[in-house]
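As structure tokens, here come the structures.
Shared between the two complexes below is chain A, which pairs with chain B and chain C, respectively.
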Partner chain A sequence: MISTIQARAPRPIFGRKQSTNPIIRAVVRHALIICALVILLYPLVWMVAASFRPSNQIFTTLGLFSAHPTLANYTEGWGAGRLNFSRYFINSFLIAILSIVGNLISCSVTAYAFARLNFPGKKFLFAMLLGTMFLPFQVTLVPQYIMFNYLGWINTYLPLIVPHWFGVNAFFIFLMVQFIRSLPRELDDSARLDGCGHFRIFTRIIMPLALPAIGVVALFSFVWSWNDFLGPLLYLGRSDLWTVPLGLKAFLDSTGQSSYGGLFAMSTLSLAPIVGFFILAQRLLLEGIATTGLK
Partner chain B sequence: MIAAAAAVALLMTSCIGSSRTTQAQSAGSAGKGEVKGAIGVTWWGGDQRNRLTNAVADMFVKEHPGVTIDRQSADWAGYWTKLNVQAAGKSLPCVVQIQGRQLNDYTKNSVLIPLDPMIDSGAIDVSGIPKAVVDAGRGTDGKVYLVSYGVAYDAVGINTTVAQQAGVDVPAEGYNWDDFVSFLTKAQPKLPAGVAAANLQGGIPGVFLGWAQANGKKLFAKDGKLGFSKEDLTGYWNMWEKLRKANVTMPADKAAEELGPDQGFLATGQVMATEIPGNSLTAASNTLAGTNSSQSLTTIPYPSGPAGAGATALSANGFAIAKNCQNVPTAAAFINYFTNDPAAGKVFAADNGAPSNTKVLDAQLADASLSATKKHELDLYKQILAAKPPIIVFPPGYQATFEASFRRNYDEAAFGRMTVAQAVDKFFSEANAGLGQ
Partner chain C sequence: MTSGTTPQQTLTKTSAGSEATPRQLRWRSRRARETIAAYVFLTPWILGMVLLTLGPMLYSLYLSFTRYNLLSDPKWVGFANFVQMFTADSRFLKSVGVTLVYVLVSVPLLLVVSMLLALLLNKSMRFLTAYRVLFYVPSLIGASVAIAALWRLIFGADGIINQVLAVVGIHHDSSWVGSPHDALTTLIILAVWAFGSMMIIFLAGVRQVPRELYEAAAIDGAGVFRKFFSVTLPILTPLIFFNTLMATIGAFQAFTGAYVVSGGTGGPVDSTLFYTLYLYQQGFAQLNMGYAAAMAWLLVIVLAAVTGFFFWTARFWVHYGDE
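Let's look at the complex of A and B:
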């Protein structure tokens, strides 16, 4: 008699059979994620709730609701200072948009050169590019200030915008280099057969395909520029040039009376563009990923 | 092509460099000269401070046509970052706001000019300022580097309503440290739950300076190192540890989370007595009115001791002139105007400490629209000044090394991670390593 050895499934260590009901598993998974989300988001929600409380009652409770809800923080915070807070928003937007455009143009051009071209010294330059990423910003802080002061650019937006037009962000360049490298070279060759030079290949073939990378660069560029505190602190002294982070910090005065109500109200408002921008860029990322160049 | 671009950049910078020297006014000796041209003024502060400082600057510009003022302001923490970068780049604005505590960090690196020639020539008039306050602006070489326009002091803030309910009287004038400790210990049992008699003040450098001066200890030696002994500090920290263990003060973990004086424990009614900057009385009272509108606060001077009455160091806030300033006469005129002009003093309304100029201070006190708490702040300042407080010349490295190390090492002891003796040793080695260089 031939006995066949049947393969047996490995016995689970903990004995009990896990529920295979997909609905229960989905519910449990969602419940855990929602719990984690509530814990992570609570400080943010608390801040929004606190912005509706009078300034001198903000820190009295960890709860969300108060007996005296008020919109005064928003109206006072907006009109705070010599200028409306709208001025700070406009300044921040200006710097952010110019930085994004500069980053996109300069970083993509540089990335195309590193990914698709061959030129003497390419490896050395690429190594130097990566090397600048390891340089701590404290090292370049004072020399940069001296240079911009010499040029007379203090109290203007130029130190915050012009560097981005010269491809200083090694992170973005590296990101796009890796992305462009993943695009098949056959597309380039077929375009060359059709008579395209480097510029046409770059604008007509590579850039449309690199939309996800462009979305990432734009998103990070916006968030970093919007949140940048040290740059504006050093270079923007006049209060009518201030950006949103500087304007927010002015609510806190450790040497006098702080206005936490105004701070929370304006912080809530200043989160809106970031969230909005993320939602916009998210769609771009999805579109870019869903379609490939192989039409 | 790269070489050409570099050459153009070099040419540009040299052109800008030469034009700058031609339009600069030579730094007139003794600060006397024409008041015109551009100066930069930088200060710290929040919204209200910016508004008031800008208002005074506008008034100065109106009185001296031909002068333009480039204003730069930042919050307290960001201000020092910015100032350090500007000082390292030798591009400080002409008029720099600074305090006695940090003054010698900057004089050590020679980025400020002595103001004695301006005082002697009358460009900056200090005749209306008490001598003690003028001396508070001296550097380690004895020259005046900082002319103070506002004097801040530390005081003991007391919630009088809570003290009354606990059946203790606010300490009378001339009380000493023993009276203070017994005031706290007597009140503690009768306080409502959740309210402590005092905040845990062992790690606050200003309180220690007050105690050391009251007991006649020397604070800093000639070379800037610590002048008091380890036994002094051990005794002081043991005093606070005893109070903390008897639950007379806030527990250590709660005390470590306290916000600034305008939202701290006194302002929210959680503590009966604590150290606050004298000019926070108004802000703290406003906050208290929101939660416990029936309670009121007052401030009294620090406890005295065998060596003197109410010894609290006066902190002079004022302006200094940067070494790289190209327009010293205008800078000196601005400082003079800000400090001494009665109209300027009225507009600024003692926002950064009590006015140093006695006439301006008296005009403030006579102002009928002054709030009761603000009037008390200014009155207390006069009281402290009359007791001839000692002047402390802070050595370089005070703010960065002494203050940070003091707080941290006391916290280590209070949280039980080190014994008091170990914490004192560590503090001494850290502070002496960083001070006075």
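Let's look at the complex of A and C:
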């Protein structure tokens, strides 16, 4: 088809040269991409490599390999000084899991109502939902702190978890609304004829079909909770409550040149769950990003 | 939306005026049930909206006209906080400047870099899945403390950036993050480093450009650049609009990188004092919560204006498929 069109069309005088070998063009393209990837990911790879070097060799080389690879940075970093990374990892996982569950429940019920039900006030409420997607979080930062302080929630995990049970992540709701809207309505209608109420349609029909969207929400929920720094910084003063980011910050504050190995080791461990989950679920996630603009 | 209920609606209209038939009653009760169900489903979200978003917003609007330190009652001061920002607080003005430079440099760079790589990947090529995953990884972790800490070290005096520069013959021995001229640059690089999510969105867009358009352009003798500017770019304008808006809003709110790289100070010499970092210092280090609330509301107003401006300009440069 393409070739016949080109054969009939007069060749452009100043047109692009078509004579370049397609194999060479593909090779050049791949080479450019690999160059970009090396520049992009080298700092990360270098950090992982440095975490396996003896601590006196961390900054001595640009290269990746060491004659004396060691796990000492991991064992020392895990409990360096007054730090206790076993605790921080447990705390971070606990907060992340409870946030994910809260997000999944609150966002999916909200999304079902917006995507499938008709009710007075729907347009107004949906506009409000979209509006909160653009709202800078700073505007609720101070009053929420005052409120949680008043409730005695400082130095508890409640300020980091409870909001997720009330659907504060408008992006997640929006993503699920879009997904549920794309599901065929005939399924609901036939379930309704069989006598199903809205709750059963939601749990038995919509939720099983919305698993891809649920997966995207769960993974981004995990990433955001795991990376969150400002929330724990505000609400978790006691060191036994700290999350991994707070542990890393304390590590960075307290270290001299000598223990950067430990810092790199703990940083590597802190990134591993995110990158690991992402690679396991990458197809699902990249579709989600492409269609909704999450990051 | 209403496709499921349309037949019943027509039915009610035709029999309007007469006594309610059993059918109508059933339909009304179904509507009532649906409304009740909807509001039951929406209960958590509405509670969150009122208690965690709208209520706090109104409260912080009130606080922005007060002086409040959490210990004694808020004291009404009128517009004093806002006046102080622009007349008596050089650090505030500095933080506005730093944030504007950050937004105005990092967002265009992000757009250009992610667009270029999306075009480079726009082929049904081998390893495409692996490439997409690898380009996306920095977006996942770019906002983490671990990466900010890494940035602080690799841009230090003996970090690998200086070592790489030495290899190519540029001798830069001082620390980048320690220099008032360069510290902000390292944070801009950090922002651009995480371009993957934007690239994925552009990639999804360029892959949907109809092939026939390129073929038609080729027949007309268009070269690579002409094809890009006359075919690809116009089709991508809705995505460029979306990406620019979201990146701008995000950049105004950046915090973690600046906090970690500067050790919480915004230094050296306030050169990385992002707006949000200064708001944090005012509100939670110095407990000037009224002042912090005023800063937050100013940001809301500025972002609303920026968003409104974006939507207004959209009519001049954003093309949708049917035009």
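Throughout what follows, the second predicted complex is superposed on the first by the 225 of 295 C-alpha atoms of A that agree within 3 Å, B and C clash if a C-alpha of one lies under 4 Å from a C-alpha of the other, contacts with A are read in each partner's own complex, and residues count from 1 in each chain.
Following the convention adopted for this analysis, a contact is a pair of C-beta atoms (placed from the backbone, for glycine too) under 8 Å apart; a residue touches a chain by one contact, two chains touch by 3 or more.
Remember, it's a predicted structure, so these values are computed and weren't measured experimentally.
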Should A:Ser259 be classified as contacting the first partner (chain B), the second (chain C), both, or neither?
first
If we overlay the two complexes on their shared chain A, which of chain B and chain C does A:Ser239 touch? Say first, second, both or neither.
first
Considering only touches as defined above, state whether A:Pro54 meets chain B (first), chain C (second), both or neither.
first
In the overlay, answer first, second, both or neither for which of chain B and chain C A:Tyr145 touches.
both
Going by the contact rule set out at the top, does A:Asn155 touch chain B (first), chain C (second), both, or neither?
first
Is A:Lys249 touching the first partner chain B, the second partner chain C, both, or neither of them?
both
Looking at the overlay, what does A:Leu230 touch: chain B (first), chain C (second), both, or neither?
both
Is the number of chain A residues in contact higher for chain B or for chain C?
C
Is A:Val109 touching the first partner chain B, the second partner chain C, both, or neither of them?
second
Identify the overlap between the chain B-contacting and the chain C-contacting residues of chain A.
59, 141-142, 145-146, 149, 229-230, 233-234, 246, 249, 251-253, 260
In the complex, the residues of chain A that touch chain B are 54-57, 59-60, 80-82, 141-142, 145-146, 149-152, 154-155, 229-230, 233-234, 237-239, 246, 249-260
Given the complex, residues on chain A that touch chain C span 2, 5-6, 9, 12-16, 26, 29-30, 32-33, 36-37, 40-41, 43-44, 46-47, 59, 62, 105-106, 109-110, 112-113, 117-120, 122, 125, 128-129, 132, 134-147, 149, 163, 165-168, 173, 185, 188-189, 197-199, 202, 223, 226-227, 229-230, 233-234, 244-246, 248-249, 251-253, 260, 263-264, 266-268, 270-271, 274-275, 278-279, 282-283, 286, 289-291, 293-295
In the complex, go through chain B and note every residue touching chain A.
12-13, 16-17, 40, 42, 44-51, 54, 70-78, 81-82, 85-86, 88-91, 93, 259-260, 262-263, 268, 277, 279-280, 282-283, 286-291, 351-352
For chain C, which residues count as touching chain A in their complex?
1-5, 31, 33-35, 37-39, 41-42, 44-49, 51-53, 55-57, 59-60, 63, 70, 117, 120-121, 123, 125-127, 129, 131-141, 143-147, 149-154, 158-160, 163-164, 167, 193-194, 197-198, 200-201, 203-204, 215, 218-221, 223-224, 242-243, 246, 249-250, 252-253, 255-256, 259-260, 263, 276, 279-280, 283-284, 289, 292-293, 295-297, 299-300, 303-304, 307
